[in-house]
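Order of writing sets the chain letters: A, B and C. Residues in each chain are counted from 1.
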């Protein structure tokens, strides 16, 4: 469903993503890991259209390199931001209404209720999105918004970061359920190895913008190259 | 919901009571009509600011284009007046399309670019003598016609027409505001990406708001021309049509729909009845002072200030 | 024909000097405070009318009006700074509306005090012909062009060498870092308004000395200054100079080749051209997409 071929992102003299090739099929849950600054979010930016990239990005059989962000969203690329970006001045429900209306072209109130229920936001549906939610709820809203656009691919950028253990566990369950219920392909950035091992069939490792390993969680996390790249980050 | 209960009596009041009570007093009716014209412009300005997120210092461009379009259509091409007014709105849209490239400029630059456009149109109107009659202007522009035995060319008739125009525009504004498009527009001011990432085409929506705003302003300009029956470039593109609506909208509170209308009536009436008698020339000076004072004291308008004041009193009690 | 063109180029160049002073003032304030002073043109107008008043009331050469103009215009400019400083939220947009309001106040004050009549200098000394080969100008044009060159040179020196000047540049590029280095942004902003006021004062007296003035002029000047900054692109002083001269020349050429009535259109035309063809201006750094 998603094919990245030699994707490169440059900012002036800095190459943030260097010739990355990766595929995500429509049932897959693929993890994307790497030390801070390895280029993971930048890769997401390239896929969703926030950053200009070189190479080929093929989604659903179409080359989307020239498509603007909003078009990619309508085609089915959903994405959450690391720092939640709710739509200000709107309630939680309105956030979803807008996302659904523009992401799918139609309105389906039942589905919105479904998503609210699923992300545990039903009680907060009428709250102001920017000011009335706790961090875990903001993160849930990020996911809910993306779901409202009926995505075929979900890019999740560190949705668990900043949550305490209970929140994390709840989210993990939600993500597992999401994959089963909504049949989306997921590409997920996380730092927590346990989470990744639990959720993903495949893991890709970025280091300084380059893909240095790809395989099952067990393979990847025992790879000495990968461990080396992480030294100083988690496995000191 | 409470608002709708007030709506019927309010509509009755403005449509029936006002003409009944003031209809014979030409002076009062003139004041009311003029303040509604200002209100119409203020509304279109506020719509662009609120939903489009663009502050414009050049709405006189749309007003003038609408005025000239309607005048030329009725006088040189025999188009019926009401139709001409609609087409004038379309002409304003065309002029706005010319401004679309300016959308990519950031706030202050956009405001000034629109100002420059307004100047351009004024100069064009002055120089394109064959069509616009140049600086001498156009006289004897047709009045609003007789339809279904109502003479819309009379003071009361004019009043009813501009009232309807303004109310329809207010309703449209409200409709847009409540729609998903309105929601998206409001959201994109704080975060461009939050809306783009869910499929909103920000640029298109903002552009549409410019077109809607220009249409409204153009139609009001066209109405005005058939009301005063005379037109010349310095009047049509006067900075008066920039300043007064801005002061009106900010004074009344540009974030609401009623704000610009209330502001227009209050500001215009005070300006005409009070200030003009004290300072005949340069009475706009007071407008400037009001504007400056409002921005510093209460940029959300006088009503917001009053509400804040009342809340403080409630808290103290 | 070539003589006419040469003359236009020359006149345009001379006019460009004053335009540059005006545009630089606008750019300076914008750089220091990210505020566009829509009343800037009115400040120039104020200075022009002071020149008129000094000349008509005291019967002296308008040059002597300069100290008065500098004093009053700088005070007015500082006043605008104080007002802008009191804006609580949304400074970028609200400062636009506020300075627009100030502009309305100043324009109408001019209308009240000096009426709508067109004024021009009566000083024969100013109007005396100054001939340079085949090129003709009024003495005032050449004089004030020289003054502009000196002032702009001084400004350049001040911005690059003096402490205050460099502070202004620091604040405009990174406000917080500047604060950490002990620079008081508020003070540098005030300084930038004052310097802009000084330049506006000179430009105003210049304009009175070789042109005509009416109260409506203020707004037109602001628009022209803005057009020049668009032509120049962001953050480029040489760009402003060239833009100013370009505008002056375009106007002069339009008057010579087309008609004087279309003079205003020249600037607007240039503006549209840049907007559509070169949105980053002639020299500007690429602006991030809004």
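Rule of thumb we're sticking to: contacts are C-beta pairs under 8 Å (C-beta built on N, C-alpha and C of every residue); 3 or more make two chains touch, one makes a residue touch a chain.
All of these numbers come straight from a predicted model, not from anything done at the bench.
Colleague: If I drop chain B from the contact graph, what connected components are left?
Modeller: Chain B out, touching clusters read A | C.
Colleague: Starting from the Cα centroid of chain C, hunt down the chain whose centroid lies farthest away.
Modeller: Chain centre farthest from chain C's centre: A.
Colleague: State which chain is most central when centres are taken as means of Cα atoms.
Modeller: It is chain B that sits nearest the middle.
Colleague: From the C-alpha centre of chain B to that of chain C, how far is it in Å?
Modeller: Roughly 32 Å separates the two chain centres.
Colleague: Roughly how far is chain A from chain B, going centre to centre by Cα mean, in whole Å?
Modeller: About 45 Å separates the centre of chain A from that of chain B.
Colleague: What whole-number Å value describes the gap between the mean CA coordinates of chain A and chain C?
Modeller: So the centroids are 51 Å from each other.
Colleague: For chain A, which residues count as touching chain B in their complex?
Modeller: Contacts found on chain A: 48, 50, 68-71, 73-74, 78-79, 81, 85-90, 94-95, 97-99, 101-104, 107, 130, 145-146, 148-149.
Colleague: Considering the complex alone, what residue numbers of chain B touch chain A?
Modeller: So the residues of chain B in touch with chain A come to 180, 183-184, 186-187, 189-191, 193-202.
Colleague: With touch defined as at the start, can you tell me which chain B residues reach chain C in the complex?
Modeller: Touch residues, chain B against chain C: 55, 57, 101-109, 111-113, 115-116, 119-120, 123-124, 126-127, 239, 243, 246-247, 250, 279, 281-285, 287-292, 295-296, 299.
Colleague: With touch defined as at the start, can you tell me which chain C residues reach chain B in the complex?
Modeller: 36, 38, 83, 86-90, 92-94, 96-98, 100-109, 111-112, 115-116, 219-220, 223, 226-227, 230, 261-262, 264-265, 268, 271-272, 275-276, 279, 287, 289-290
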